[in-house]
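Pasting the structures in now, so scroll down.
Across the two complexes that follow, chain A remains constant while its partner is chain B and subsequently chain C.
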Partner chain A sequence: MKIVLVLFLVLFVGPFVLLLPFFGMLGAMELCARVGGRLSESLTATLPPKFGAAVIAIPKFAIIILKSIRRNLLRSSLSYLAVFVMVLVITGIWSILTFLDAATSAKAANFKALVTDKFQIPSQMPPSYIGELTREAANLPAGMRADPAKDVMTWSFVGTSLDPDPSKRSQENMIIFFSMDPRGLLNMMDDLEQDRLSPADAKQMRENVAAMQTNIKGIVLSEEKLRTINRKVGDRLKVYCFPGQYKDIEFDVEIVGTFPRSAGRYDGSAILNLEYLQKSLDAYERKTGKQHPMSNRYINLFWVRVPNEDAMRALAESLDKPGRFSTPPVKIERGSSAVSSFLDAYKDIIAGMRYLLVPAIVAVMILVIANAISISVRERRPEMAVLKVLGFQPWQVLILILGEALIVGVLAGGLCTTLAYYGVNARGGIQFPIAFFGKFFIPVESLWWGPVLGAIAAIAGSVVPAWSARSVRVSEVFAKIA
Partner chain B sequence: MTNKPIVQVRDLYKSFTRGAEKIEVLTDLNVDVAEGEFLALMGPSGSGKTTLLNLIAGLDQPTSGKILVGDQEISAMTESQLARWRTRHVGFVFQFYHLLPVLTAYENVELPLLLMPLTAAERKRQVLNALELVQLSNRLSHRPGMLSGGQQQRVGIARAIVTDPTLIVADEPTGDLDSKSANEILSLLDLLRESLNKTIIMVTHDPHAAERAQRLLHLEKGRLVMDSTQGEPRPTVAFPR
Partner chain C sequence: MANAELTQQVTEPSRLATWFWPAFDFSRRFFLTLASLPFIVLPAMLPLSSLLLMLPAAIPDETIITESHQRGSAIRNLGARLFALGVGLASLVAILLPSHELAVRLGLTGIQKWVAIAVTAYLLDLVILAAVGNVPLRYNFRNLMVRWRITLLTAIAFTVVVALLTVMLAFVVGMYRVTEESGQPGNILILGDGSTDEVFSFLAYSDVDKIEVERCVLDEDDRPLAEPIGVKTITLGGRPRYMTSKETYAISIQTVPGREKKRFVQVRGVVEPELAALVHDLKLKTGVWFSDAGVRTPPGEKPGERDQVEAVLGAGVAREFGSTVGKPTLEVGDTFELSDRTWVVVGIADSDGTTFGSEVWAKQSIVAKLFSKNGYNSMVLRIDDRGTRAEVSRRAAEMAFHLRTRFTNPKISAQTETEYFNKQSETNKQFLFAIIFVAAIMALGGVFGVMNTMFAAIAQRIKDIGVMRILGFKRWQILVSFLLESLAIALIGGVLGCLLGSLSDGASATSSISSGQGGGKTVILRLSVDSTVILTGLLFTLVMGRLGGLIPALGAMRLKILESLR
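Our next item is the complex of A and B:
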């Protein structure tokens, strides 16, 4: 029953909904052409007829083109839908690829370096490394050094569950925390940097941080995670660490805030104050009289912002000096290189999408347009011939045909990426788990390249049929007809 | 009609090549058409009537020979010069009307005027005049599909005369019409000649239609075999060169 409903929606309601803006735009364009025609007629009344007539002819041409699109509305609609769907697929692929590109491309200046255990995966470093690594970074020569207050951050991954029984662990009751100093949320988290957020979102993050600082039991979650665990801001809850990791540690946390909705890549994430983790480990030692097995290796990643490649090299040298960081030894790399090595596993998929799938879709799109336009040109050969008889120049005939394809292509591409940009992003991006990214957002550039892609496909697809319409030999067309 | 002829065809040859085959369609043709003349062109199918009409109307170029319309040698023009020349000097009427189906009667008639340097007011006046003349002032916003064959052909005629051309050419304009509509169309052509002094060249298979013309040319295998004025046959051999 459900599948029937879905099929019905996809096959009938969906296309109709997608077509409405197309029809609306066509109508609006025709209205504009008519109004423009009227306006240009009154505006050019004082011009010499030679120029005036040329100006007036433009909206008239536009009306002829628009009427021709309307003439076989089914065919135009099908071309539109085909281009729409294909641009949509390309938009999705492109959004993911640009996002991954940005994540893996080394930005020239001001990048984040990642310090981890040199040999062990997962990386586990003692808490004393926080201070020591920070000091190394802060003691680099001027121009290279990091600001301990703004440029460093550590992550400890803490897996917890709302249910103490590990056998009942599920998506609905699991919370994986990044345990960290809340200050890092303002300066060091990708896409949460204060200057990248809207003023309202930036303020929301500052309040989150303030709340986590006054109440070290405060946690910040995504709205999505709140929904899956069915809690709300202000709720207190008890979470139990996975026995395989922080055995016998539990936290009494209070939800003090959520991530701004624009920070979709943090859907599913949660932040726990590092201080609370430390205090809990200390409390364990006081209570049991022995150290917790994790208490000397709970720092997983150390992030530091460096101004340039030289600074990173200088830091690498000082970390390598004998006797400094020996248990365990550490390595430093660009954050983006770390992401790249994660993504290596997906290299073939990504290359396939980029170099096979996208060109294939573009080619199909061009063929669809070429097919529709050549059928309509073949049907209308006598009409093209009549236009020429009346004195229309070949290029004017060419424009009439190209214009038709161009309008359908640009509208399909433009409406597609516009709807996708606003629609998909408002609904939280594209779900496409790859490496540790789960969500992708459609970049704002799609608003211009959607129409451009549609236009290119339209021109590529219609240039041959339009050229044949342009080259119609009048005497031949009528010799055959008569 | 004693003036210089408006159309002069001199030593006209036209052949088409289809693959390796060369088809001689018009052979050594000489015709003069006077201003204000209504001329009918008859002959069996394949005799070259349409070909001759197309050449006179500047839709095609002769293989050899000269065609002058007014004082312009159209056989020496380039394709784009011809296109511009056609807009101003030739009005076409087709057997199958060939109106653009998406445009209204008004817009169809307006079409050739889009290529001319006219003000909006002039253009509008000319379109309305032309439609008035063919008595379709009450069908301005009808599309061709909503009109009868005879009405469509009248729109076709309005489109042909709207630019006030020197020459009106019609290729079997009544070929697709019943006799009543055909008569209306022929009366309309008569009217154009009488009141506006238009020169009309009409290809037809219909002897009744041909009767309406003042002069009849008979073509056979690409040669002129008969030239009769107002019912007086005149063998073309005696036609002065």
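Our next item is the complex of A and C:
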């Protein structure tokens, strides 16, 4: 049923939705040009003759270009649709690449360093490291030191399921928690920092943190995750840890809040209070009389915000001192470097997207435009000859053809990325699991990528046919017709 | 004055109409065409000869095969429709049967079989139409030559799209190969209870010995088996041994030589390399397996001071390590740094195309110590593997079920290796879906391009169509003629695209496989352009050519003689 609906939308509604704005924009542009023409005619009396002629010529020229586009609306529409769909793919790919580039490039401001096991993943450090690492960061020389109250954060990843049977584990009943001190949500989590959120979202996060601090069993989930597991805020649930990780540990949790909608990158995420994890491991020891296998290695990542790279190096030196942090040895690196290491497995896929897919799609786009414009020029050679007889200069003929392609390209690119920005983001982004990123959103920059990309493809595709139109010989064309 | 005002009032609306009427009229026609698209797209996938024969069943007023039609009674019309449908279906069967027979004779199965059937059916259909239809092929091909620039531009667009599709599919086929070829049908992978991935699994040293002596005597429905299933025994080193491999697995972080960058290296510690190699069906390409000690003392050094860890590298990881030190691959005797120790390559495994190709193997005791592991991560056992592949797979499944449900001391997670690697192909499915999506959208671009070309070709040759009709060509022959023209452009571009994409065959690429429940493995795979990829490329070409050519060709077919000559 869903497939039928999708087919119906794609085949019936899709072309209408895509073409209506194009026709609308063409109509609006022509209307503007005509109104502009009228206005310029009334203005010319007050202007110097040469300047006045130029003022009149611009809207008239625009009208000729727009008329040429609508003369063969079928061809224009097909070219528009071709460019539209290609720009759509490129926008999707660039959105993924832009996000990954940002995640792997060092940031000068809000510099966060990551302390992990030096030699292996998953990094598993003892809880005692929290205090020791915090002290090290707080004892750095003045101007470099971190504030233990707001510049540190630890993450422990806890895989759980609503179903105790591991064989029945699925996306619908699985919740992977970041187990952490709730205070870190306000200061350290990327894109959730108070100064980055809108006042309403910032308030929502403060309330979440307060609820988690009051009730250590309180958890915060993304709205998407709530939908997936079919629960709501206020619900209490029992979750069972993956036996391969926190064997025989279960949590009775209460959903106390959700991430703000603007924090789309946390779709699918969940937060558990670290204190609850610690207490559960202690309870296990009291119950069984033996330590839980994970009780001395449940800290996966330690984040610390330092003012700059020098501070990170100073901290690295103190961590490397002999006899300290040896079981396991730790390393400190920029958060972006750590992400980069994880993405190494995908380097060929990313390179393929960047250097093969995108250029190839741009090439196809150029070819489609070149094809359409070549056909158009070929059909309109007599018209070019007439224009020349009427006094049009070769460069004006060239601009006529380039203008046609440019309008189609810019409109296709612009409308495509506008639709993608609002449509795709409203639908929850692009699902493309790569490393630990599952979803990508179309960035606001795409609003200029589209028109620019369309313009580049249009100019590249139409420059040769336009040059050929410019070089039309009047005598040859009329001789042929005669 | 009044007259002038009146004239003004009359002329204003007509000028407005002059502006908007063509756009409105065109939009109306264009939207109607678009609305009819779904009804054209799906039947357009049928072989053309069947489609032509079936069309009178759907649109009896449209003369296609004959020049005119006679309206009869309702019963007669219904009979005519049913007849057309029957004849169309019969021709469809007549085309599909030999195509199916060919695919069967070629021994094709699964998706490959269906792609082959579709491609053969389309090609057979073209041959039949060209042979029976008396279609003016020379006229069409001459036109392609005359308009060579446009033909070339359209064909190049097809080439790029199909070449990209070929490379992307070759990548996915390479990934599927890794997951398919890494598992042995008679192997069972044992992980700690509830674990789905080796890296999060734990098996105590004392527990694994109990597993290898376990025998399964009941099937999944608790009925006695004709023959109990146990772990296979072999004679190795002059003594009988259970065919099992006890392994410690770690993902190590390595600083790439000469760079600040870090990468993850998968390290597998095995207790007895020769036995593990037999279990995993792995052979050495060059060198030897590591020694019992697992370390070697470099010349000039005292034993125990700067001992190097002996390692056997998978072929892929050897290439990867080599590329960062300016060599095509690391070779026996080369060294590298990992986990604060120097490792020396003692052998290169012949493991291309499997997950082991991306791993570094070393002595289990050394790996466990280096990565602070006080147990195994996994154990692989081979059951008695006599009989056909299907029989062995069935027995392995019975044994895995037994270990998973009846063996409780300790409770473990057991699954056949093929099942495990099938689950690991979740990422492959996601990539395949992404590729299909991207390819489909790119194809739309190609379809619009070829539509443009064909609409222009028809617009330029309207008079030719009239002349051809006068010369006696039927409407369907005009349709076929123009459709063949678009298919020719598509095929030229598509075949070139397949050839261009084939150049990627054998190229090495890094990727990751996972079951989608955390964990996963980095794999170094070889792109594989096999017959399925080529056939899919060709099918894609034919479908694009048909979709792009059908609507313009239908337009050409529906032109009236007088109209076209006017």
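Assume the second predicted complex is superposed on the first by the 460 of 482 C-alpha atoms of A that agree within 3 Å, B and C clash if a C-alpha of one lies under 4 Å from a C-alpha of the other, contacts with A are read in each partner's own complex, and residues count from 1 in each chain.
FYI, a contact is a pair of C-beta atoms (placed from the backbone, for glycine too) under 8 Å apart; a residue touches a chain by one contact, two chains touch by 3 or more.
Just so it is clear, the structure is predicted and the values come from calculations on it, not from any experiment.
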Item to complete: State whether A:70 touches chain B only (first), chain C only (second), both chains, or neither.
Response: both
Worksheet item: In the superposed arrangement, which partner chain does A:355 touch: chain B (first), chain C (second), both, or neither?
Response: neither
Discussion item. Contacts for A:370 in the overlay, against chain B (first) and chain C (second): which applies, first, second, both or neither?
Written reply: second
Fill in: chain A residues touched - chain C or chain B, whichever exceeds
C
Discussion item. I'd like to know which partner A:422 touches here: chain B for first, chain C for second, both or neither.
Written reply: neither
Worksheet entry | Which of chain B and chain C A:50 touches, first, second, both or neither | first
Practice prompt. Considering only the touch criterion stated at the top, classify A:448 as touching first (chain B), second (chain C), both, or neither.
Written response: neither
Fill in: Interface residues of chain A shared between complexes with chain B and chain C
70
Worksheet entry | Residues on chain A engaged by chain C in the complex (per definition of touch) | 7-8, 11-12, 15-16, 19, 23, 27, 30, 70, 73-75, 77-79, 81-83, 85-86, 88-89, 117-122, 159, 166, 169, 171, 174, 176, 242-245, 247, 293, 327-329, 331, 333, 337, 340-342, 344-349, 352, 356-357, 360-361, 363-365, 367-368, 370-372, 374-375, 378-379, 432-433, 435
Item to complete: Under the touch definition given earlier, write down the residues of chain A that touch chain B in their complex.
Response: 41-42, 44-45, 48-50, 52-53, 56-57, 60-61, 63-64, 67-68, 70-71, 382-383, 385-394, 474-475, 478-479, 481-482
Worksheet, complete the sentence: Touching chain A in the complex, chain C uses residues 19, 22-23, 26-27, 30-31, 34-35, 37-38, 41, 149-150, 153-154, 156-157, 160-161, 163-164, 167-168, 171, 191-197, 199-202, 250-253, 260-264, 339-340, 370-372, 413, 427, 430-431, 434, 438, 441-442, 444-446, 448-449, 451-453, 455-456, 459-460, 509-512, 516-518, 522
Worksheet item: In their shared complex, at which residues does chain B touch chain A?
Response: 50-51, 54, 57, 59-60, 79-80, 83-88, 92, 94-96, 98, 100-103, 107, 110-112, 114-123, 159, 171-172
